[in-house]
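Have a look at the structure below, then the notes.
Labels run A, B, C, D, E and F following the written order; every chain starts at residue 1.
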């Protein structure tokens, strides 16, 4: 039995609150249980220097936690004067994952900045961030598509992320909360598209290793979780935007 | 007439949502109109090196804005690797203001960390931060008073902050929003206690100067605004905690 | 009785030594008693990026203390690799104050850099800095007005700063030295123009608060102090430059 | 056909030169084709603050490239004053991977510092680093085991890493060189133990995604590559040390 | 003929103003012509971590220039967030040179901090700094010798520094000013003791080289210059302190 | 007798391995006994901002040590976030020395970046770096001379560096290893051209001083050492390139 009485392959409650803030082109407040992340997407009409003049767009992400998102207060990275390795890893992951489902040529020479700010953490902040950031990005790109009259809608598929792991009893579990994450032997983050392909797969034995069969088990329940998150994304983005993303008639 | 049709000495709608987050000892989400700030208070059972061994407590504050709290995305201070002068000024102000109404001896050798994170900005972020931080701090100190069985309740008075200014027409106005703040000739931040004394007064002519009479006019409407904010603080903190702070029987 | 036997509203001896250094366009050595600050004004024929192309000038200030300006040696900010919050606050204040008496349009697209380097500190370094920096700036702008044949003299009024406070006996005192500053309950910095208007007002209760009457008392003696500093500025700048600043015939 | 005429599941030539430097407790020069990395292992008789007093050891890694390890000179991270996200990711990966095959309790309260310095880069620098670092670490721990008379040999299994990918023709390939890495659609780093379990799995679609079958194909050839690297490790570490690691009689 | 009409081996006017500041244990304002440096010596009753428990003292130096010590304003190193290579070289040189004439064992476990702040620069700032710093240090150590009743006076010899060079006409010249320094082919800094031995010798061909004979010529005139500076040091330090340093009866 | 049984004026074994790495335009692995440095020269087709538009080239150097080049592991400067004073001094010295034998006008508007990375240290890393960097630079400039069809070969003379010192017995010794360097009273680095002129001379008494005669003795043996290093440089660069550098027919 899991600490919060979920079944092994049961997700926590997922909610995505659309247009959470007034200024950004796209924004959501995403919750995976008690993990809450504000995700915003901002459109800037230029690209970084290394991409200029190619007619292509760019998507980049930043990630942070409020100092008291966690049980113990963590020191602000602005006070320390540097960004931690963990933060860098996560923000590189978010950006890379989102770029996999966007046609950067159709986006044109502009940047979508993704900001994921965790206001409350209970495990799975990176998977909640990716899943929420996709929704914020889709909203922002919808807006830019209309305003700049882009001929092709640049978002090509849905995208979501979920964690899976092997707990101390050797059982595969889905969407680990903080208590489970701290004690699991194996932790895997799975990022998949709406059409069921992998975009990122990061599995780590925490001072441990895992077998080929355990890998297959985690992928199996992960895939189910992805499906449920994408269902929630579709529900809040609405039929019309969903149809644009999947390329089907609405 | 003001942009949002308020009377010159009319505050925006103020709300304070208590216990907004699960981890901190005290937390609120404070709104002054569209300005929204998450204020948390964290208790740490030690003080900074320069205060050790004196048996006194300490209160310190940090302030930040989400990148997209503003109309244009601002670069994260963690990415720039340094905290801006504006941020430093504000967090020093918040800490200093709160310390003025706390008996640091009664608090004992522990630190209350205040974090004010602006999630949406529309002018007055520092006054909303101070007003919300007071409530979060009172909640955290209430908790520590019970848990550590402090003999005396360390918070000695209410505290709130409000801005006043002289607009381009020369009229004194209260609680400026962003549009007003950008065009005002004079901008004053007033921090006062529940008993009507000043704790901080910061008035600035923006490439302009102001007369003695204009100062008095701003103080007058500022004092009214402070009263209304403290009324809201009392309402959410409840009668018992209010009585402890004011030193009266509940 | 004050530690150095001054009357409550008596200033320390003020001296301003003109053209103290050979390289800067304007420079002074200003003393408020034992507080000594080298103030220089440097003219650069361009403005910061955010102001380009508007035909307006800019004035910006930097402030520092020699490590042994103080009783205890302080660590250099260059060694620490960052500028403290206190330094940032002061240099922002100096720049803002000076800009209030300069017509930036008449100055044209150039920057006046103000540098205030405290070589000996005994309280009131920020007010001595502003008062000395005004003189250095006036000298530099006089030079640029001649060399660049500016049609209008850009400095529009005199400007000086002084501190006032309430000492532990509850008495309002003017121009606090270090011993007084460390023990005062209230500390106020007042920046005023030659025509008697406020440019900045920063009053702080140091773990204390102050009443409306105490505020008025401090403003009263502050105003007297400002008058005496401006008299000294006029004396060293000379009649001709004074007349240009006040807009009167010499 | 691959650029260097290898078969799809063929590794580049692997060499590991033992005791390459005179000072470190363990050191090798590892080559995967033209990729050359100096790996050293240094033993320090203490652990980081967060681990003190637990009687456990720690293993941590740092990674860097010489500026001209690459075709274009890259700027030194010491000159930039910060470590890039890519570097942080790699050094965290190396440390985590090595810790998975060491019994930190048996190691005792000491740290093994791993340094991987790439002197020439042609793709696969992180997999060469992990594979070489394992050998350097085994040598250093062998030395410490003798000198400190550790009752149990702390290294519990062999460990190696290899990359696999899907090239633009959709074919799974092993041990990508730089030319292949730049054009592959999918890139996967696989870290495995001598007993055939996974320690880390990091697969990334580069602006692309990959199917479940492609994943299985990459894992298959990756497993073969791991076997060949471990064979080389055993050959240079010698029978006696190999037996200690595998727990068999030599 | 030199720009300021000096003879080839003629020094600029040297002045050393004793006890220039009120707070430091030792301080001077030293001038080599128009080059002016405030040198202070501060005594701290502890040594850096790497020297603790040895009963020996330490002497360390920091060097900086006011932004407008130079013809063009230079950016503050505190604003840039790092100390330049030139500054580091100079402050390491000053500290090393002073340590050569102090018996660190006799000094006892305390640090003398030397601060050299150039307020006006016209060439030779490092030689003026060393020559002035010696005087400030002697004053501070005299004070500590009395207060702590040191049995042996720790300063063992006089120390001064001067520059010599070969100008574009191939002539050896002494104590170069800025105009000469910018055009000289060779620049040499010579640090010598009162008894005529070398402590530091740093000669540099500026995109040029120099012969053995040119070296001997520069050493010759340098030695003369050193003599004149030490004469000035003796004159301001007084007979008694001079006798203590030279170890003779006064 | 010296620790490694060398005669006082005997060099350690010197080897220079040409074209050590595949990517740089010029590279060597230089050894002075157990001191081993990888020196690379990279050509960039532009110059730093302060030199643009003058048609002249530039040569600049960076220096670093692998963490475990030394007996005790040293912390990476990239981890500390800043470059030490020692490193800055050395890299400024290398760049300055090399520029003295190159005609920057003939080089044209391009930069040669020198990187010296010490992989094993046993004293004399800066002199080995300069001596090896000269060879790497000559190789790179030879390449650019051919590819860009430069009319004049820009390298005008050979250049090498060696250390000399006075050991604790008062004897002058050449090419100090680490054990000697740590105990010597005087340490001198001598950089000379193939035609026997000085480019840099840096002599330091380590808490000691040295006489004129000791200086002459060190210069004498230093000159002999320089000759032997240049002989090795000529041998590996070959007759044709040697003739270009010395300006003689091959």
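Everything that follows uses one rule, which is that a contact is a pair of C-beta atoms (placed from the backbone, for glycine too) under 8 Å apart; a residue touches a chain by one contact, two chains touch by 3 or more.
This one's a predicted model, so the numbers in the text were calculated from it and none came from an experiment.
**Q** Going by the contact rule set out at the top, which chains touch both subunit A and subunit D?
**A** Both-contact set = empty.
**Q** Under the touch criterion given at the top, what is the topological distance in steps from subunit B to subunit D?
**A** The distance in steps between these two chains is 2.
**Q** Mind listing the chains that sit against subunit A and also against subunit E?
**A** Touching subunit A as well as subunit E, we find no chain at all.
**Q** Quick one: which chain's Cα centre is the longest way from subunit D's?
**A** So the chain farthest away from subunit D turns out to be C.
**Q** Cα centroid separation between subunit D and subunit E, in whole Å?
**A** 52
**Q** Distance between subunit D and subunit F based on Cα centroids, please, to the nearest Å.
**A** 34
**Q** Listing for subunit E: what residues touch at least two other chains?
**A** Correct list: 81-82.
**Q** Beginning the circuit at subunit B and going via subunit C, which chains come one after another?
**A** Following the ring from subunit B in the direction of subunit C gives B, C, E, F, D, A.
**Q** Quick one: which bits of subunit D touch subunit A in the complex? Just the residue numbers, please.
**A** Within the complex, subunit D touches subunit A at residues 82, 85-86, 88-89, 91-92, 96, 99-100, 104, 188, 192-193, 197-205, 207-212, 215, 219.
**Q** What residues on subunit A touch subunit B, complex-wise?
**A** Counting only subunit A, the residues touching subunit B are 21-24, 27, 34, 38, 40, 42, 44, 62, 64, 66-71, 73, 76-83, 87, 113, 115, 117, 119-122.
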